[in-house]
Amino acid sequence: MSTTADETKKVEAQLIPIYIMGKQYEVPESLTIMKAMEYSGYKYIRGCGCRGGVCGACSTVYRKAGDYKIYSGLACQTVVEPDMYLTQIPFYPALRATFNFEEMQGKPEEIFGLYPELFRCVACNLCTKICPMDVEVMDYIAALKRGDILAAREISFDCIQCGLCASRCMGELPQYHIAQIARRLAGAFLTPKAEHLKTMVANIDTGRYTEGLDSLKAMDLDMLKTTYSDREMEPAVAGDDWTPKENSNL
Amino acid sequence: MPLKISYRTINKEFQDKVKEISGQSFYKCFQCGTCAGSCPMSEQMNTTPRKLMALLQLGREVMLDEVNTPWVCASCYTCEVRCPRGIDIPRIMEALRLITLRQNRNQIEPSNLQPEEIIDLPQIAMVSGFRKFTG
Amino acid sequence: MKISYYPGCTLKTRAKNLETSALAAMDALGLEVEELTRWNCCGAVFSLADDDLIHIVAPVRDLIRVKESGHDTVVTLCSMCYNTLARANELMKTDEVKRKTINDFMDEEPDYAGEVRVYHLLDFLRDEIGWDKLKEMVKKPLTDLKVAPYYGCTLLRPADVAIDKPDNPRILHDFLSALGAEVIDFPGALQCCGTYQILGNPEAALSASKDILADATGHGAEALALACPLCDYNLGHKQDIMMTKYDGLKEVPIYYFTQLLAVALGLSSDEVNRFDINRESAKQLLESKSLIA
């Protein structure tokens, strides 16, 4: 008898109050914000992407009772807390400059020309404070102001382009777009070219994989599924010298 | 040009705002004109700093689409070190700029600068210029 | 003695010559400086409004970085950075109410109360090395080079952060004398070049800069020495435009004071001085005086 009671206890989740756009809901305490919203009857049409914490579509801001601070998180990753006041900000308007990448050279002045508002940053640090990915946004903006594209690339690496930084910016900067062009310039012009990539592209150009791709295209769906599920995979624990048995395409 | 003064032309609220933002009293000015004589930019001003101080003393609301003085001021502090009354005139200029900029009315728009112009400018010019001309 | 070095944004791009020459010269003088590992733009101009503290946050953050690095002194090369950092430091030291507001706003940073000493390289050289000692260390005196010291605004004004007497400064004069140059005094030395008005009212800035150049050459200067990348832009970079605009204006090379220091210390390489960023006449003049090869 006591066993049954324990089992019931196990599955019964504690309900806690949260406030979604000002309205109170009772939700199980173990849910993420996204699941709690769905539990409360919200249906996602937009503002929800990968559900895995990498796409940046479900950025959420919230406050806690008795605390002046603004907190942020991804709705699909952040677990609800009692009395949290939240709203999702799935999108925040920020303009992305248009440019002809082919004509660029990887110079800081090119970024200055596309985004002169960069120089309106006042180092208030609200961008870093709101970032759900803990990117030091103010620091990559500081790096770009002094023309250090490589440093900006490093610092902004974890950015998922959710746009919360832009929502808080006193200087009205679209930080995440600026970081993106910095990373693109760094990749294209400022870091050494990957030799193996060059070889691979050359291989593709000379038609080395044409036959293999054509044979995949010719397969029916079932065959394609079988080929995929039966493919040779690297074991979870493998030494550095592991290579696939079938390596004719490498 | 004669200036008509009456209780209707005195804008006490504006005077108070300038005093509050700048932390300076323009009433201390005794109109010696040292500021105007020292100012490297006065040639380009349609109203000298001295006259601007007089307008403030008389309670005129200084409209920056008419009076260009604060927009031409370079905050070089020559007037401040020379003012015999110890008035920090650049702070009064800043207050006047801010009264306009805080109404979301920028004096220059970064988006309207030509890329060629930006590429030619050192960062220090843009940082300082945007601070003085945008809100 | 370990000192923090705050470069400022423009020294990493357009004014690279100010930085490379200064670092090499400081090294030759045995001054150990360490660039801050983390720093942000100081804002270039100090906020002049009583109710606008947010624009003071940037320089204060940099001062906190100095403190965090374990140093108690920061040296700058750019006059505008010097001015902004020094004024922010004064405010944090003296204004209890504003200090609290700024510290409270930056709740992610440790509190700051003006503990760091802010130097410009010029007053640092004067106070820590001294002109007599500097003179002894000169290997290649700048004999016969007629240089006008151009102070501009931000090293001298307002008075509470001035590195010398605001109305009658000698510091750049004494520095150039120690290097063996012939110092050309001229009234325009303290006049404003027009600074950020090059953005808002370019005509006004160019007119102000033209007066300074004409004044210096009129007094017999062959070159100007200065410390500010914005002055250098207005007086140097814009000189071609000014020469076409104003009749009779003569070409005059502009040097960062640190370039002349490096040359006088015998550091004449291109990597150190980066004269390729200066006006072409800058390198030519030194070559004609056999000061560099």
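So that you can tell them apart, the chains are marked A, B and C in the order they are listed, and the count of residues begins at 1 in each.
In this text, a residue touches a chain if its C-beta (ideal position, glycine included) is under 8 Å from a C-beta of that chain, and two chains touch if they have at least 3 such contacts.
If you're wondering where the values come from, they're calculated on a predicted model, not measured in any experiment.
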{"item": "Farthest-lying chain, centroid of Cα atoms versus that of chain A", "value": "B"}
{"item": "Chain occupying the middle, per Cα centroid", "value": "C"}
{"item": "Most contacted chain pair (by C-beta pair count)", "value": "B-C"}
{"item": "CA centroid of chain B to CA centroid of chain C, Å", "value": "26"}
{"item": "Between chain C and chain A, distance of the C-alpha-averaged centres to the nearest whole Å", "value": "43"}
{"item": "Between chain B and chain A, distance of the C-alpha-averaged centres to the nearest whole Å", "value": "46"}
{"item": "Contacts with 2+ other chains: residues of chain B", "value": "121, 123, 126-127"}
{"item": "Junction residues of chain A, two or more chains touched", "value": "109, 119, 145-147"}
{"item": "For chain C, residues that touch 2 or more chains besides their own", "value": "8-10, 13, 41, 43, 55"}
{"item": "Complex contact set, residues of chain C against chain B", "value": "8-10, 13-15, 41, 43-45, 47-52, 55, 78, 80, 153, 156-159, 166-167, 190-192, 194-201, 203-205, 207-208, 211, 229-230, 233, 237"}
{"item": "Chain B - residues contacting chain A, complex", "value": "110-111, 113, 115-116, 118-119, 121, 123, 126-127, 130, 134"}
{"item": "Chain B partner contacts - residues on chain A that touch it in the complex", "value": "109-110, 112-114, 116-117, 119-120, 145-147"}
{"item": "Residue ranges of chain B in contact with chain C within the complex", "value": "20-23, 40-41, 43-44, 71-72, 74-78, 80-81, 88, 90-91, 93-95, 98, 107-108, 120-129, 131-133"}
{"item": "Residue ranges of chain A touching chain C (in the complex, touch as defined)", "value": "108-109, 119, 121-125, 128-129, 138-139, 141-142, 145-148, 170"}
